[in-house]
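Paired with chain B in one complex and with chain C in the other, chain A is shared by the two complexes that follow.
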Partner chain A sequence: MFIWKLLLKNALRHRVRTLLTLLGLMVAVCAFGFLRTVVDAWYAGVEASSSTRLIVRSATSLTVPLPLAYAERLRAVDGLTTVSWSNWFGGIYQNERNFFPQFAVDPVSYLALYPEYKVSEADRIAWQRDRRGVIVGRKLATKFGWSVGDTIALRGTIYSGTWSFTLRGIYEGAQANVDENQMLMQWAYINESAKARNARRGDFVGVYVVGINDPNNAAVISQRIDAQFKNSLAETLTETEKAFQLGFVAMSEAILVALQAVSGIVILIIMAVMANTMTMTARERLAEYATLKALGFSPGFVVRLLFGESLLIALAGGLLAVAITVPLAAAFQQFAGSLFPSFRVTEETMLLQLAAALVIGMVAAAWPAWKMSRIDIVSGLRHVA
Partner chain B sequence: MPSPALIDIRGLYKAYQRGEQEIPVLQGIELQVYPGEFVALMGPSGSGKSTLLNLIAGIDQPTAGTITIGGVDIATLSETELADWRAANVGFIFQFYNLMPVLTAFENVELPLLLSSLSSRQRKERVAQVLSMVQLDDRADHYPNELSGGQQQRVAIARALVSDPLMIVADEPTGDLDRTTGEEVLGLLDALVADLGKTIVMVTHDPKAAAHAQRLVHLEKGVLVDDAAATMQLTPAALAD
Partner chain C sequence: MHAVPLTYIARNLWVRRVTTALTAAGMALVVYVFATVLMMSEGIRSTLVATGQADNVMVLRKGAGAEINSGISRDQAAVLQTLPGLALGATGQPQLSKEPVVLNNLPKRSNGKASNVTMRGTSDTGLALRPQVRISQGRMFRPGSSEVIAGGAIARGFEGVQLGASLRFGGRDWQVVGIFDAGGSGFDSEIWADSEQLMAAFRRSNYSSVVMKLADSDSFDTLNKLIDQDPRLLLEAKREQRFYAEQSEALANFISILGTALAVIFSIGAVVGATITMFGSVASRIGEIGTLRALGFRRGAVLIAFLGEALLLSLVGGVLGLLAATVMQKVNVSTTNFATFSELAFQFTLTPSIVGQSLLFALGMGVVGGFIPAWRASRMQIVDCLRAA
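After this line comes the complex of A and B, so read on.
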C-alpha cells in the first residue's frame, strides 16, 4: 500500500512534466492504434473472404471479361456447388466523391453464395422481381439517407448513359467485417441494356464466383476449372477469394508497409522521449534513492520505484489512447465514407496499444533503474550537499 | 570491569584510487565507542571525519582493518547483508535532513519501519510515539516543505529513532540551522543519550555543537590526533568563538 502511495505521489510530483509525457504517449499510442486500424481496414476484404468461394477470372487481365457460356461448363466441374457471376458497374452517384462499389449480379445464385449478406425474405423477392431493382448495404443507405422504394440515378462510366434504379432492399452484414457499402443490381438488366446499345458487348461477365464443397480441395478444383478452358480464346485464372482480395491489397503494399513503419517509428520516438524523462527524474532524485539505500532499502526497491512510476504513467497514457482511438476511428469512418468496407478498432488492436504502452514504460525505466540501483550511497548523499 | 565497546575500530585504513595513484584518507585508526556515549568527530575539511562516520554507518567499505559494531565485523558483510544490518542498527541524521519531499512527516518517519516485521497498526503507534518525543505530533500531516529547518531536522531525528537502532550517526546535524534552532536539535540529541541511553557519533565543525558530546575525537590528515573528554578539549576561548 505504502509503495503504491509513493509511486502515485512521485508520478504527480512534476505535474506539468507528467502531463506532457502522458500527452505525448497518448498521441503516439493512439497514432499506432489508428494506423493499425487503417491497415486492418485495408485487409478487411481479405478477412471477410470465404474459404468455400473461388473466383474465376480471365487469365489475361481482370479487365478482360469472360463469356457467359462458361457458366454451363463450370457447372459440370466436379466439386462445385454453385456458380454465379458479377460485373463491376462503376457508376457515379451525383459526383465522383460519392464513390461506392456497384456489382451487377445474378440475384438468386449470388445471395446463395454470400449468406453473410442478411436481407429479409420480402426484400429479396422484391429485388428478384424488379429488373431495375437494387439492394444496398445498411451503411450505404444510412450515408445517403436512402429508404426502400427510393429511385437512385447513376451515371455510367463503363456502361454509358444515366441508369435509374429502384431500391428494393437493404442488407446487413452477419459480421462486423462484412462490407455494407455496396450496391448490388441485376446482371440481366445491365446485360440486356448493354446488348441493346451494342450487341457485341452482351453476354459477358467480369468474374465468376463459384462455391465449392470442400475448402481443402480448393487448389485441385481451381486446376480443374483452368484446365477446362486451357487453349481457349479466354483462358481462366482461378484462385480462392482470399487470394483474389490479396491481389488488390498487394497493389498498395508499399503504402501499407510505410504505414506500419510510421506506426513503429512513432512508438520508438515516444520511447526515447519517455526514457529521457525518466532519466531526468532519476537524476533529480539521486539523493533520495541514496537516502533510501542508506536506510536499508535494497537496490531492488529503487528499481521497483522507477519501473512502477514509469509503468503507471505508461498505463495511464495507454488507456487514454485506447479511449480516444475508438471515437477517432468512428469520426474517420464518417469522413472516409465507403472507402473502407469496415473501419473498426479491434480488440486485438486495443490490446496491442496497451502492450505497446507498457513496453514503452518498461524500456524507458530500464536504464535509469539500472543506474540508480548501482548508485554509490556516499556519492549520492553528497549530491544534496 | 568496563562494558565492551559498542563500536570497536582496529587498524582502519581507507584510501581512494585516482588513476594509478592511491590517496589515503584514513590511516591506522583505532577507536572504541561505548554504549550510551555521545562522541563528536572533529577536524578540518579533508581530515577524514565524514569518511570515518560513513564507515561506522556501513555505507562505505574500508580498504583495510576491522569495524566491529555490536559484535559484528561489518567490513566482512556483503552489500545485501550490510543493507539489512543498517536497517536494524543505524539511525541516520543528515545535514540537509534528506526527507522524502512527497511524504508527510508521519510517512517519512514510518519509512524505516517498512523494513521491519511490524504490522501497520504497530508501525503507526510507534511513529506517533516518536513524533511525540520530538514534539511534532501536531505536524504529522505536514510535508517537509511546510516545515521549518529545525522541524525538518526533528522529523529526521524521529526517523533515526523510530526503529530503535543500536546507534545514531549524525553528519553535521546543525550545519544548516541557525544557532537557536541548532541548540534545540542538540538538546534533543542530549536527551536521546540521557533518557534513552542511545549511542551517538556526530561529525561537526562547530565547537559549540561538539560541546554537547561527552567525548571529542579529533582527526587530522586521516590520523586520529586526539581522543579526550570534550570538556577538556573545549576551552572557554573556543566556546566563545
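After this line comes the complex of A and C, so read on.
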C-alpha cells in the first residue's frame, strides 16, 4: 500500500536521526520494563504465599519472641491442622554481602506446611535425623557450589559465635516463584545451644506458622487465636501469610513508590526526545506538506503521515525493547542471584511496554501534526527551513 | 585563534526555541533523578551522623551489628560503670546510660500500614548524653512511671502518638507526656521510656546497649582496650558517630548505587536527544558554517562553537533539573532502615557537592551528545557548505 511505503521511506530519509531515536526508545522502554520487573520481584514473597497458612507473631513487633508453650495451646484451637514454628537465625556466611535467609524450624511440621519445597525422601529423613543438619534451596546451593555432605560455617549475630552445619538435602520449588534461596536448620539444636549459654533465652519462638483447614475461615481463626492469648505475657497478632509478606513490602514502600515514579519519568524523558525529533522533521518538510495540500490532499492526510511515521518508529523501538528486556532480566538474575527470589518479566509488563511505546509515538506527533495540518499553503511553499 | 562569539552560539539556541526547550526538558528530568537520588542518600547519612556525639561511646555485644541483636547483662553493665575515664555528671555519677531497645509495630499515618518504631529505654542521664535533643512539647517522663516521650517525626508520621495519647504494649498502657525535637537526627524516629519499666514490661533481664561519655575525647583507645581485654565482658565499644555512620551505610549505599545506575541509563535517552538536536542544528546552518570558515575562522573554532552550543543547552537542562530537585527538600520521607529494621525519617539534603556533581553530569551529557555533530561540522569543506546553502 502506498502510504506504508511512503511512511517507511520518510522514516529512513534521515537514517542517523531515526536510528538514534530508535536507540533512545529502546533504552527507555527497556528501562521502564526492567523497573516494573524489579517492583514485581519485590512482591514475589507475597505471590508465593498460601491462603491456608497463617503467621502468628507478637503483637508488639516481629522482633519480640513468643514462648514455646504456646504451641500446645495452638494445637487445641479449632480449625488448625498443623502447628509449626520458625526463628530467624540471621547468620553471616563468610561476609555480609553473601546474605540469604536462614530459619531455625521444627523439621517435620514445617515441611508438612510447605509442600512446595520438594526434597527427596532420603534427604528429608537424613536431615531430620541430624540435629546439625540443614537443607537449602537449589538456587542457593548453585550459587555457593554446595553439595550434600558439605560443612557450612555461619557466624551468628543474634545467636553469637561460630556455628557449623552439615548440608543434608537440597530442595526445589514446585512452582517458579518459590524461594530457593533459603536455608532451614533445626530449631531444637539452636534452642539447646542458646539455653546452655543463658537459660532465660531458651524455649522461645520467633513466629508460629499454622495451617488452617479452610481458607475462608482465615479471619475468624486469626481472631480466635489472638483472643486466646489476649492479656497474657505475650499478646499475639495473627494474619494470613500474604498479609505478613505485604508487611515486609510496606517497609520499603518509599523505595517502591520512588521506583514507580522513576519509571514514569523515563517515559517522559523519551517523550520529550521523540517530540523533538518529530518537530524537527515536520519543520523541515513544511514545503512538502504545503505541496501536498496544494495538490489536493486533505489536512487529515498530512496528520496521518506524521502520526504514521511517529508510530512506526515507536512501535519498532517498542518491539526491540521488549525483545532485549527478557534476556537482560535473565542476565540480571544470574548476577544478583539471591537478592531476588524470582525475577521474571510478566506478560503484563511486556504489554505495558508496548503500550508505553505507542503512547510516546502518539504524544510526540500530536503537536507537530496539529500545527502542520493548519499551514497556509502559500506561506508554506514560500518557507525556507 | 579567534573564537566564534558566544552571542552567536547563544542566539542559535533561542532561534530554535521549541527544539531547545524539548531537549533541555529531557536533560532536566535526568538531572532531576540524579540529584534527587544523591540528596536522598546524603539525607540518610547526615541524619544518622548527626545522631552521634564526638565524645560518646556505644557499647554492644560482640558481633551484634545492631542494637536489637545485642544483649548486655546487668553484671556486664555494672562492670562498665566502674571503668576509668568516664565523664562525671553534676552529682558526681559517671555519665553512663544502660538502654534496652524494643521494636514496636505501629500504623503509619500516610497509608495506615504498620511499621517498626524503635522504643528506647533511657533515663535523665540518657537525655543529658544527647544534648541535641530537647523537649519541644510537654515534659520528660517521670522515672519509674509508665510514661513515654515521642520523637517529632514519630508524632507526625504515626497514628496515635500525639501528646496525651495512650499506647498499649507489653501488657500495659503508656501515656505520651512529651514530644522531643532531636535536631533532625535519628532520635527523631524513636520513642523513649523509662529503661527499668520497659525491661519489666517485656520481662527482659538484658540491656541492648550502653552509652557513655568520655571525660577526655582522646581516651577512647584506652577505654576500648580495657573493654576488649576484660574476660567478663564479651562486648565491643565504638565511637557513637562511627556506630551510626555504619548504620546508615547499607541503606545509603543501596540507594545511591541504584539511583546512579538509573540516572546513567536514563542519560542515554537524553544524550540521544542532544545528538539529534545538534545534528539538526548543524544541518540547518551549513551555509553559515561555510561563511564562517570563508571569513577565516579555523576548524577548531567551529568545533568549539558547536560544542559550546551543546554545553550551553545541557547547562540549561541541568539548572532546570537542579531547581526541580531543590523543591524536593520540602518533602519528608521515611523508610525502614535495613540495619536497624526500624523506621528512619529523613529529608532530602542538598549539598554544594551534589550541585557540582549534577552540573558536571549535565555538562557530560552535553559533551557526549554534541561531540560528533560538532566534529562533523568542523570537518566540512568550505566549498561544499557554500554550495549546499
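One rule holds for everything that comes next: the second predicted complex is superposed on the first by the 379 of 385 C-alpha atoms of A that agree within 3 Å, B and C clash if a C-alpha of one lies under 4 Å from a C-alpha of the other, contacts with A are read in each partner's own complex, and residues count from 1 in each chain.
Basically, a contact is a pair of C-beta atoms (placed from the backbone, for glycine too) under 8 Å apart; a residue touches a chain by one contact, two chains touch by 3 or more.
The structure displayed is predicted, hence computed values, not measured ones.
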| item | value |
| --- | --- |
| Simultaneous placement of chain C and chain B on chain A, clash or fit | fit |
| Contacts of A:39 with chain B and chain C, given as first, second, both or neither | neither |
| Touched partner set for A:326, first chain B, second chain C, both or neither | neither |
| Included angle at chain A between vectors to chain C and chain B, based on C-alpha centres and rounded to the nearest 10 degrees | 90 |
| Touching partner for A:270 - first (chain B), second (chain C), both, neither | second |
| Touched chain A residues, chain B compared with chain C | C |
| Chain B versus chain C as contact partner of A:243, first or second or both or neither | neither |
| Contacts of A:352 with chain B and chain C, given as first, second, both or neither | neither |
| Shortest CA-CA distance between chain B and chain C [superposed frame, angstrom] | 13 |
| Chain A residues contacted in one complex by chain B, in the other by chain C | 385 |
| Chain A to chain C touching residues, read off their complex | 16-17, 20-21, 23-24, 27-28, 31, 35, 59-64, 90, 155-158, 160, 200, 231-233, 235, 237, 247, 250-255, 258, 262, 265-266, 268-270, 272-273, 275-277, 279-280, 385 |
| Residues of chain C that touch chain A when the two form their complex | 18-19, 22-23, 25-26, 29-30, 32-33, 40, 61-66, 68-69, 102-105, 111, 113-116, 169-171, 202-203, 205, 234, 255, 262, 265-266, 268-270, 272-273, 275-277, 279-280, 284, 333-336, 341 |
| Touching residues on chain B, where the partner in the complex is chain A | 54, 57, 59-60, 79-80, 83-88, 90, 92, 94-96, 98, 100-103, 107, 110-112, 114-115, 120, 159 |
| Chain A residues within the chain B interface of the complex | 1-2, 5-6, 9-10, 13, 287-288, 291-299, 377-378, 381, 384-385 |
